[in-house]
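Every chain is named by a letter (A, B, C and D) in the order it is written, and numbering of its residues begins at 1.
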Amino acid sequence: MSCYKQEDLIKMVEEANRLTHKGKVADYIPALGEADPSTLAVAIYTGEQECMYAGNIEERFTLQSISKVLTLALALMDRGTDYVFQRVGMEPTGDPFNSISKLETSVPSKPLNPMINAGALAVTDMLVGNTVEDKLERLLKFIRQLTGNENISYNPVVAQSEFETADLNRSLCYFMRQHGVIESNIEMLINLYTKHCAIEMNCNDLAKLGYIIGNEGRDPNSDQTVIPLEIARIVKTFMVTCGMYNASGEFAIKVGIPAKSGVSGGILGSVPHGVGIGIYGPALDEKGNSIGGLRLLELLSKQYNLSIF
Amino acid sequence: MSCYKQEDLIKMVEEANRLTHKGKVADYIPALGEADPSTLAVAIYTGEQECMYAGNIEERFTLQSISKVLTLALALMDRGTDYVFQRVGMEPTGDPFNSISKLETSVPSKPLNPMINAGALAVTDMLVGNTVEDKLERLLKFIRQLTGNENISYNPVVAQSEFETADLNRSLCYFMRQHGVIESNIEMLINLYTKHCAIEMNCNDLAKLGYIIGNEGRDPNSDQTVIPLEIARIVKTFMVTCGMYNASGEFAIKVGIPAKSGVSGGILGSVPHGVGIGIYGPALDEKGNSIGGLRLLELLSKQYNLSIF
Amino acid sequence: MSCYKQEDLIKMVEEANRLTHKGKVADYIPALGEADPSTLAVAIYTGEQECMYAGNIEERFTLQSISKVLTLALALMDRGTDYVFQRVGMEPTGDPFNSISKLETSVPSKPLNPMINAGALAVTDMLVGNTVEDKLERLLKFIRQLTGNENISYNPVVAQSEFETADLNRSLCYFMRQHGVIESNIEMLINLYTKHCAIEMNCNDLAKLGYIIGNEGRDPNSDQTVIPLEIARIVKTFMVTCGMYNASGEFAIKVGIPAKSGVSGGILGSVPHGVGIGIYGPALDEKGNSIGGLRLLELLSKQYNLSIF
Amino acid sequence: MSCYKQEDLIKMVEEANRLTHKGKVADYIPALGEADPSTLAVAIYTGEQECMYAGNIEERFTLQSISKVLTLALALMDRGTDYVFQRVGMEPTGDPFNSISKLETSVPSKPLNPMINAGALAVTDMLVGNTVEDKLERLLKFIRQLTGNENISYNPVVAQSEFETADLNRSLCYFMRQHGVIESNIEMLINLYTKHCAIEMNCNDLAKLGYIIGNEGRDPNSDQTVIPLEIARIVKTFMVTCGMYNASGEFAIKVGIPAKSGVSGGILGSVPHGVGIGIYGPALDEKGNSIGGLRLLELLSKQYNLSIF
């Protein structure tokens, strides 16, 4: 894919950056509020040695909701699809990602999908391991393998900040435990959840992750299957139907790239068969997606014809 | 009120008891599931030495939601009306007593009234005291004073059983803490809440309680004000608009007695100016009210013209 | 009740009028938007020849939601309680008066009570008569009998204005027809509904209405029963639990007078056993109640000890 | 695509047909209730002269919700994307296709997407034409061009049956008119809507339709663009995110073919770049999708690797 040119990327980042002043950095988690809203960076990985990139590619950020993709993949590998989807649905929802109402009105009570908080918490509860540390270590090992970056870990300050302000997630957890969707100790679950949301990486790492998911789970360097084909496809499908919060439908039409965003401002993109995208732009729109990142993906999709539709 | 006759009461209990086989004993709290559904007892107190009664008047039961009336009275005495109603609303709701949806859709997020679980949990959080034990002891002291029964305490087995199955209440608490309605440690709050729900008494005690609330807070024996007039009226008004779960409207029309029910099968009735009623009948209808107790109150209201409407 | 003094009323109206600049005249119906927000008038009727009053007592206004009380009374007289309450519930709701959501989530689909729009439309559909004109004439005749005012009719300009902007009510009607709650031609029903909402009277008329409802249906002049006792009580009970939109609970606590408000700014009050109140103050608070009227009722309730609680 | 073999299709239809006894024919529209639940037919069109097929390919059925795809395409051609998406959203929803609640809770009130009833009614309202007949004729002409079948028309008996039982759709329409989403006469709109839902075709016609949508709007016979590229892609994307009612998410994962179902039991499938699918199987699952059709698509997707994911 020699078509991706550094100078084109730089131009597109410049254009997309004109929107960042309209967005707002997430501040419901104190530690996120310090990000610079004018930041916008992108890396594109096509399986070769190096990523194409533009912007400050070295800056690290926490995954936040992007980690939902990775816990889902690992839970599916740990437990199989039957087990996972007995507890979590597959349907997109028009509600905000942190909503609880549908858990009350759905019969049986079951999170609609693994990309909203309720579903992601239930998925985290399925990870195999004896302790929080065990489970986190297994997840980190999995992510290090996917990115080829042995230094990946979580940011303890952000994790602690989220842990202290996670009452809404606790509310979701206890509601689900009442209905038998999860069974664990909730504080341990929130501990694990906030830590995996705080896993840090940069755009290069994210682009490699995206590449492997789009590449049906095969690592181009080792030529090994890191995520089983079927699971990579399931994950990619959720990225299309539910990946961009309750703006996923519009994103499918305007951009058409399987993607998952987080309130840190990161976006993971997985163009099938050969392109992984990592974006960081902490200024968010009102639905919680990187405002510059969305624009940048729209430009990329048009320029390089990346839509799956 | 010499009009109340023991033999009339016995007949009415017999008639109302014909409905009890249609009800079901609450079993979501394991310890409640052991009650005998055919039980039905009533005591009527008119300020004189003895209660009129029918049925096994000695049997003790836990207050469950009836305790919401008492914590509300004490919280209003502890904190004043402004403080309490900044945190809890005054409006009846068509939703079930344990519903969470309205907390999500209301702006600001605030429980609609103190008789649903969300509101009662917020009220319990307002009780003054340094520890759970302090607060519980103050509440028990208040109830002992109201009933004139120094032996009143809580049932630790029921309290423990409820504590272990209180995940829905925990969910409500964390949701409210997220929105600043409550601020405490949730496990301590649930500890206190489940203990006051497990306070035990018999129908005589309940009838005395009902008498004082209907008597604008004055104890007929000591001639002292145990609940300030304004607070007794507020509590009585909530018993009319929200006291019988989401059957309160129908109850106001068919019976018209200020009342509060609990899932143990108890019902507290406060006829203004001179009649307190205590009922115990653990077979419940589908909304959680004592099925025999409802019928009995309807018969009493017609026979003695007790409706406030 | 010689205690009611004209000069006291005038003072209370003056005090309550200080709030009217904070309210807003209803403008969703164009014809209502022309009212003068600084108007505030009250009449009190105690069964004697003349009303006590303060403010411009001659000004006429449309009943709007106050008419729900009268159609309910007539429908209960026409059809009996069983028929009516099979189709409409008795429970207060925390939702706004024009909400449709509960019709979708309730099983079976049934309006929660006759004071919200859905319920009032269903009640209007129950009135006996061959044509819209028949039914309206019967209702007017009933109201003329209650008020002793043969000149009472409806305002055709307001009725037409409401008819043209009644799409939300049409939506409620078709939803209910889908579920078998109503069966009629919807345009005819809306025609009748908007006309009875547009029935006009002044505060004196309203006070007489309120007197009879509070007097258990008996007209003090003719000493005849105009509304059967049981029905007058039912109506009065709904005024307590649901009469002031979703501020009914707060009103019960702060004022405690059975009352029904309309978005025209009228309030009907029925103090049991001897006092009818008619108020007109078109400046509304955000829940749709007359802001000056609410304050005035609070002052009246305190001054003359009118709360039923 | 010579890979598609008649005998394979027949085997797959046989296998899928084992599920049809578990489904139920739609009966909320009386005229649909007469369909034979054991019917299952499929046609596959790959741009060549003839369709591959299995089952009774001649049987005609009404499009029902499948017509939403065609009105959306025509409205987009008539009005442009800006106009259409100002009035209708792009987001999938977890609610049933005929739900009204989200119209009440969304600010501004706007149907979430064009595949639920509210959105489809709003889209139908956008079709250009002076009269219902004009608009319907334009739509039929468009569909005849897409299918190459000049005989396609609507079933007047089904249309009339739906018109008479369309109160829920009327309710949706009036609710939207209240909020300015639609402006027309509602009876005319329901007239047009029920007629386009009653457009009849067989599986062959449906397969040709599906082919052109998947082929980016180009007719393989005439080599003309019948639907502009951008619009064909938008339509196809909605088929993925919202095409199978509130089972769209699960369908994307298990089958992965852009598809739209109707309560008649029809399913339109558009595999990108070269395969159109038409299915008819009137036995429905509880979400309103053809139970045999779903299974058949799953078998086809696996056998021929048709998933876009």
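Keep in mind that, in the parts below, contacts are C-beta pairs under 8 Å (C-beta built on N, C-alpha and C of every residue); 3 or more make two chains touch, one makes a residue touch a chain.
Keep in mind that this is a model prediction, so the values were computed, not measured.
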{"item": "Reference subunit D; chain at largest CA-centroid distance", "value": "B"}
{"item": "Centre distance in Å when subunit A and subunit B are each reduced to the mean of their C-alpha atoms", "value": "48"}
{"item": "Distance from subunit C to subunit A - Cα centre to Cα centre, in angstrom", "value": "55"}
{"item": "Whole-Å gap between the CA centroids of subunit B and subunit C", "value": "32"}
{"item": "Of all residues in subunit B, the ones touching two or more other chains", "value": "105"}
{"item": "Topology of the chain contact graph, where touching chains are joined (line, ring, star, complete, other)", "value": "ring"}
{"item": "Interchain contacts (touch definition) - all pairs", "value": "A-B, A-D, B-C, C-D"}
{"item": "In the complex, subunit A residues that touch subunit B", "value": "99-101, 104-105, 167-168, 170-175, 177-178, 186"}
{"item": "Subunit D residues touching subunit A - in the complex, by the definition given at the top", "value": "89-95, 102, 106, 112-113, 233-234, 236-238, 240-242, 246-250, 252-253, 256, 272, 307-309"}
